[in-house]
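Presented sequentially are two complexes of chain A, the first with chain B as partner and the second with chain C.
Up next, the complex of A and B:
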């Protein structure tokens, strides 16, 4: 094991905060296979897939109405940029993805704007990117919202357009002042 | 009736190709919509026997642009230690660029020309690989990729390739 003196300098990781909501999440256990509030480190050369098939996908929605492979999250770097950017790509032939206001059909992709609500079927997924220094790794962190993310938006509480945290959705989250 | 597939006509040249650098590359390959991986690693689709090439050196990703019926391809660099020259641009780790109808690519001394022949099928594509006896791309020497650096920094180089 490398000693403290010889170890590589630690770099902060870009973190993808993913907050999910489904109207029947309490009964259907659709998010049963997601590990909430845990950070998972992933390589930036990986294509991270979401869907129903546990043999192929990193993150599973336990629901027959979800495609076996629904969409992917793909890290990349803008030319000469020192931060990671991401693309979202629809891998489902049957389901359209709404990323913010952009509708993605099969194999369409779009650059992730830094923060947006993604919708497919009854699912609502709020994705927020917190930039880090490392280009080789990034991490994901899932959270469960007890109420509709769209409803939150309509009620005027939370979901600011740019930046910010999802602390309103889970009161135990970190201090807002850090943002 | 089966729809025609998009075909990537890929031509390859390397000055030492008579030493088996292309030995494990098939002449024909068919893929679904997964990324085509080019590199030295065991699970690369196009596997080069060259020590200066990373296990996953670059990828070709098929996707559909909105309103387009034929597949488009995006080339992304997966090598942390060396750069890749694509149509006049020198790209580094995780940088990506969409391919044009005919694209010229140079990495670790390999010259590659990719000619995209569009087809109606969205679910799969094919590659036809040709090996050229003569150079395919002529450009200024100063733009060469840092092949030496790549060899030095690749920690898991197989023993037989170091010798």
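Up next, the complex of A and C:
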């Protein structure tokens, strides 16, 4: 569960780093069911779902405002590519997802650009992909940000770095007040 | 299970017609676990998997030559579109899928073009999408072809029509001998 390599093949694993923030996270326990700072190894044939319902979703936001199944993350491979890419699909009829500057309605999907901030309701989720060699497995790692990911950028500070991300794609500039 | 409409909303459902053929289907029972000529209603948030393993897959090919999980079919919606589109993803490391004239390796995916023949091993699968109004649900309907779907086309006969398909996309011309 905390390995950086696939034990069978010794290939490095692509890691999906997820940094979450909610303005009332200290009081409302919305992230209580996420295991922070642990790497979790997943099969690339899986579709990983995020949402409120622990019976259906892999990663849980404990919050009545969040849809039962909110969105999915799934790996794929471009034809002739040797690295994993990821796709995000909105599975909620009532909630729009802002992935970078792309707004996803119900069943809309977008290819994850390598690094971006996703927003829904008051939630801010920074996602960063660190490429690895294995195609069969990948891993996720959750971090909790003590402060807004948007404010940091407004103050000119960098967003938290989890190190080693091979992508140079920066989140699109967004004005908090627009949300 | 056999409705043409979503009972709650009276919207028509997009139907995914699947016509299968295997040269030894009369003897080897590979399609024994498919329920032919029945419409099955599925949620659009589902990822429908095809393969050998009944514990994991929704639709089963009973054949040791077929991968445990072979491929997935999943609905999505293009931004600003009011109809369901579908994507096919190869989940098998050992089997290539030919979707029309696109060859999919492990984790490769392609948007389903509305009507095409998929081939893997000796299997021929004609897929046809009939558009409906509902975004929340769709349905599948399986048919068994008594003869090769490729031969029929070579003899100039039309491939079996399941009626009402709104797509005019024809399968790409393929030479049997190339397979």
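In the analysis below, the second predicted complex is superposed on the first by the 149 of 179 C-alpha atoms of A that agree within 3 Å, B and C clash if a C-alpha of one lies under 4 Å from a C-alpha of the other, contacts with A are read in each partner's own complex, and residues count from 1 in each chain.
The definition used in the following text is that contacts are C-beta pairs under 8 Å (C-beta built on N, C-alpha and C of every residue); 3 or more make two chains touch, one makes a residue touch a chain.
Remember, it's a predicted structure, so these values are computed and weren't measured experimentally.
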Who does A:136 touch here: chain B (first), chain C (second), both, or neither?
both
I'd like to know which partner A:119 touches here: chain B for first, chain C for second, both or neither.
neither
Kindly classify A:105 by the partners it touches after superposition: chain B alone (first), chain C alone (second), both, or neither?
both
Pick out the shared contact residues on chain A: the ones touching chain B in one complex and chain C in the other.
44-45, 47, 74-79, 84, 89, 91, 93, 105-109, 135-136
As the complex stands, chain A meets chain B at residues 44-45, 47, 74-79, 84, 89, 91, 93, 105-109, 135-136
Please give the residue numbers of chain C that touch chain A in the complex, ascending.
44-45, 47, 69, 74-79, 84, 89, 91, 93, 104-109, 135-136
Which stretch or stretches of chain B touch chain A in the complex?
33, 35, 56, 61-66, 71, 76, 78, 80, 89, 91-96, 122-123
